[in-house]
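Letters are used for the chains, namely A, B, C and D, taken in the order the chains are written, and counting of residues starts over at 1 for each.
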Amino acid sequence: MENKNVLVVGSGISGIASALELANAGVSVYLLDKEAVVGGRSASFCCKATDICSRCSACVVLGKVKEAVTHPRIKLLTNSTMKKLSGELGNFRVEIEQQPRYVDEERCIACGLCTEVCPVDPKAIYPPFAEATPFSYILDKGRCLRFKGERCDLCRTSCPTKAIEFDLKPKEQELRVDAIIVATGFDVFDAREKGSLGYGRYTNVLTGLDLEHVFTRDGYLRLPTNGREPQNIAFIQCVGSRDKDHEYCSQVCCKYAMKLAGLIKYQNPDARVTIFYIDLQTAGKGFAQFYEEYKESIRFVRGVPVEILQTVSGELEVRFEDISQGKVCRDTFDLVVLSVGISPGKNTWDLARILGINLADNGFFDKKDSLSCNETNVDGIFLAGTCQGPKDIPDSIAHGIAAASKTMRVLAESASQRRGH
Amino acid sequence: METKIGVFLCNCGEAIKNIDFDAAVKEIAKFPGVTCVNLSSDLCLEEGKKKMISCIREENLERVVVAACSPEFHEHAFGEVLEKAGLNGRLLSMANIREQCSWAHDGDVTGKAVELVKMAVNRVRLLQPMEMKELPVNNEVLVVGGGFSAINTALQLSRVGLRTTLLEKEAALGTGTEELESLCGFDTSSMVSAVEADKNIKVLTSARVMEVDGKIGDFSVRIRQEGGEILRKYGAIVLATGHQTELALDCELKLGLSIVSQEEFCRMLGNPSLETEPKTIGFIFDFCDENSRFPTLATLNNALAAKRRWGSEVYVFYKSVKVDSEGAEILYQEARDCGVVFLKSEVPPRIDVDNGQVKIKAKDVFLGEDIILVCDVLVAEELHLPTEETANLSSLLNIRRDSRGFCQEENVHLYPVASEKKGIFFVGGCRGDLDLGRVLTDISSVVMNVYELLSSGKILVEAEKVEADPQKCVACLTCIRVCPHGAIQLVRINGGKEVAGISDLACYACGICAAICPAKAINFQSYRDEEILAQIEAI
Amino acid sequence: MRIMNGHIVAFCCEHSAYPAADSAGRLGLHYPENVRVIRVPCAGRVDLIHILKAFENGAAAVLVMGCEDGACHHITGNTRAKERVKYSEILLKEVNIDGGRVRMFNLSPNAPHKFVRAVNEMTRITKESGR
Amino acid sequence: MIIAERKPMEEIKQLIVPYRKVLVAGCGTCVAVCWAGGEKEVGILASQLRLARSVERNEISILEATVERQCEREMVAEIKDKVAEAEAVISLACGSGVQTMAEMFEDKPVFPGVNTTFIGMPEREGLWVEMCGACGDCFLDRTGGVCPIVRCAKGLLNGPCGGTRKGGKCEIDPEKDCAWVLIYRRLEKQGRLDLMRNYYAPKNYRAVKRPGKVQAAKA
């Protein structure tokens, strides 16, 4: 499979899984991402292990990212977006626009001198999250004085390797590839859309993603308001899943909520944790024992609250209907976590237009038919991961590998056909 | 003569401030064998690498220590630098003076940095060069099973040019797929004829695997067929032995016309000459086994079909509906819209049989009241279990199973389709309860993984990375018993003494064997005892 | 043999503890300076003799750090390491050295805080039990 | 194969109290296989002894050596220089190896570092069970290849004691199988249950001459 090129759009875990498989099979891969760092959303998830691994797979992502970044046949194109597509299977021409990073990732040695001298607060140039790859600094145009018309030059002159450059224009280039894998992932449901749950208004209402980031950053959980350890925590399931706008189960929320709840209980055995749910999704390899373990120590309440109010003392009052008891109840909590679901990515529609591929009713990319898992209506364009529908990390990896498999097959078939002619 | 060691220090663009590099250089230069110490500020950039290459050549260095950032980043790149300079890339050791020294501590850490370099110097002195070599592999694949996953795996493998043998214990392919067929709407017979027409696929029916020997690229499998036994060689083995179901019923309740399994219900649905169409149908699921998706999907499909075909009254008793698979939520809504009645209950319903009618008694959570349903047909709850064949094969192959008895251990690094042994894969129902979407994904994943290993007919590996010294090996079999990847076998050297032989192909280089060997016969290059102890001695 | 030099030797699995230690550095999480990390391909590579030699060489404590229970890249490496550490405690007690000076920790690569906690805890233990 | 197990540390420490330079000598055959006296165990014991003496502030120098079979004079001779250097020797070989060493270096105290326990086989990695008592009068032809002399806790020759537990387990150690249940099942499988009807007189152990001697037919 030498001299074949494939473009993978999106460097999240499924894109990386696709890219790695193809590269290992001898294909040259362009790995494109609109962000400055590789790894997508799941690379910033926290480890949820207690005394044993809770099988959240967050660590698997880090391993794969590292592998992809150092792979000789994978070329990373960060800060890049796809502008135009022409041609067909075996001969796609893709126009790529690469936004300047301002910090050259090949030259940045992550020394941190630029952040030290940056006069803005919060700093306009800063390191990515600790596990990020490439670990090169990020310049935030929105905060940087230079982009506000001032003549500040401190970071550029302090950089020992001359990695910072301001006067850069977006770069355009055309790639010729044999096939394309779309792995643009998902967007987290914006919990502000459910105003009655108070996200964005009450500091102690967090989303599941926020909680992931808290654990990644601090390693433990404290109340955002007063820094104390929360004693009474509620998880609310199906926020942005299984409702009239989202006629699907996000497949990840029950698992991450229970695993995060388990982690909270592990760190603070006295904490009381309640999970409000509609139906518990406890299927999946290795989850059975986990559920058994926490069945007793976590309170499960059937019924999803519709309203959260903050009391004068700063506690959160949750109003819910306990279906098993058949009555409307109120309960107060220190911290409420909204288990937000997976929504189609915001740029899905644009990309569908550029690529000419169909969208399904639920807003995700549509696959060709019910017996395909990666194929689209366009030959040579394949789907990988959550851009096709909600998936957890292991399923995303599997889907990514499957997309690589399908790509491999069309490449092999087109090669043998050409020989036949 | 002493080995010439060069130390390259990098101050990371002068960003490492709490190390006094001048003092460090002086200290490091005193270490035995160190013939040159270089300080730079941009070792990982092209300029730095160029300087490194010329220095290695000029000073005739035999070993190199790089004291800079974490080896996680640039160890590979510095290895390439060594290769370019004409040294074996393995003769490098890194001292992590940035992440694990400068950045991790306050105040002056020159002392620690020097000590870290000393550890690396001590280690690098003992390192041995290592070469890559290509090993041949057989590229024929054995797929065990004859159901949907097995057939499609074989078909897809054939399309990427790999020859496959399908081994089925029954007399024909595609038996027992009726339920899946009606659930997922595919046609088994066309798949079977595609297999028969495919010259890359050989089908062995009424066949059983009796014994498996060897490792990835070279498995020899003894197969028993009606006519006798044959021995065949394969490069990889894919298990697609599916799952089986068992009714979760009290034993006094006799299975009969009125209490059926999902599969039998499917057959009733497909029977055009059914004597009486059931008027009231009850379904039960998610009480005895709360961790399977399959019962939900089967129930939803069958309930909808019954509603549409017969217009029966359909009642579903369940605890939680498992909608975490593609399209399941839509199906659930469709069933409700069609008039299927869903009754959530926290405790399993009581079932009694009375005059040929089934009585279901349950407490509905919404009403908070007891409900009694008398139905013509009850589709009872099913347990989702691994097949006997799965159990037999996994003990034959000596691979681990999960806590429910399915193939593949619950280790995140094995997902989706890998086993702990290279060259053995799982696909579909034998590794857990999967819906159609996940099975399709599995099939493609397994094809990719097999293709990667076998397509070129050879695999590039580091030669003798982990090796048992035949002189020291006492053939105690300890390593063979502990190797998690099944990479060690007894081999006869030159037709004589039997010793442990570590396969370069199957080995993952973890070093578990090297640690446990009571005769200290196993050498793990780069992590030999000497190399680890040399670091300790430097502290 | 040297007198105790107060160092903690940490054998770190390259799949988990080693990158976690790196992340700790990158996050600027400070921990005691006396830790000396030795990178190993799996906690299962760490042998009793490595642990004993570290003490012979004057280490105040030894840490063996591997992947989380159930997430070892080599399936059984971390559980074997745990057993070995337990046995090394016995071997140490036999020669009148506090068995608490050797510990096994499980962590994942994205758990820098756990790495720092482990190191701090070990430092505290060695200080409490004295030289 | 001969199975041995390391002596308690306290005992070994006592043995070498007067000495400042000791050789720990391993054997690379039976005791290596049962994790008692191979090169790895030599290293561990040596390290432990150094640690023990350093804790007591009574430094000791330990030499290490492992030969292929300590019960062979020629092989032991390979380490004579190291023995000469040491004041005493701790042998991690079976009793036979210890005696070979002691005989060859008569001026040196040679101490056993292991207790030689039995002839056995590994049940699984790291666990060995006794299979043979080296009685010198093998009985296995009559018992379907299961030795009741060592595998029955009471060494009974004529059927089980009557205390067999449910599931065929031993009265004395419920974790062990009753040897006579094993014998019965084996003979049943082979259709030789009639052997169970035979009566065997008590073995006359006095007839076994000590020390044993085996003379191979001259080639």
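FYI, a contact is a pair of C-beta atoms (placed from the backbone, for glycine too) under 8 Å apart; a residue touches a chain by one contact, two chains touch by 3 or more.
As the structure is a computational prediction, the values presented were derived from the model and not from experiment.
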Top chain pair, ranked by how many C-beta pairs fall in contact: A-B
Per-chain CA centroid nearest to the all-protein CA mean: B
Intercentroid distance (Cα basis), chain C paired with chain B, Å: 28
Between chain C and chain D, centroid-to-centroid distance (C-alpha), Å: 35
Centroid spacing, where centroids are CA-atom means, of chain A and chain B in whole angstrom: 23
Gap in Å, rounded to a whole number, between the CA centres of chain C and chain A: 33
Sites on chain C at which at least two other chains make contact: 19, 23, 26, 47, 49, 53, 70-71
Sites on chain B at which at least two other chains make contact: 72, 410-413, 482
Where chain A touches two or more other chains at once, by residue number: 53, 55, 59, 110, 135
Touching chain combinations (by label order): A-B, A-C, B-C, B-D, C-D
In the complex, chain D residues that touch chain C: 8-10, 40, 43-44, 47-52, 54-56, 59
Complex contacts: residues of chain C adjacent to chain D: 1, 47-49, 52-53, 55-56, 91-92, 94-97
List of chain C residues in touch with chain A within their complex: 15-16, 19, 23, 26-27, 67-71, 106-114, 117
In the complex, chain B residues that touch chain D: 472, 474-478, 481-482, 517-520
Residues of chain B that touch chain A when the two form their complex: 12-16, 41-42, 44-45, 69, 72-73, 76, 156, 159-161, 184-186, 290-293, 320-330, 333, 344, 346, 365-366, 368, 402-404, 406, 408, 410-413, 415-417, 431-433, 436-438, 440-445, 447-449, 451-452, 455-456
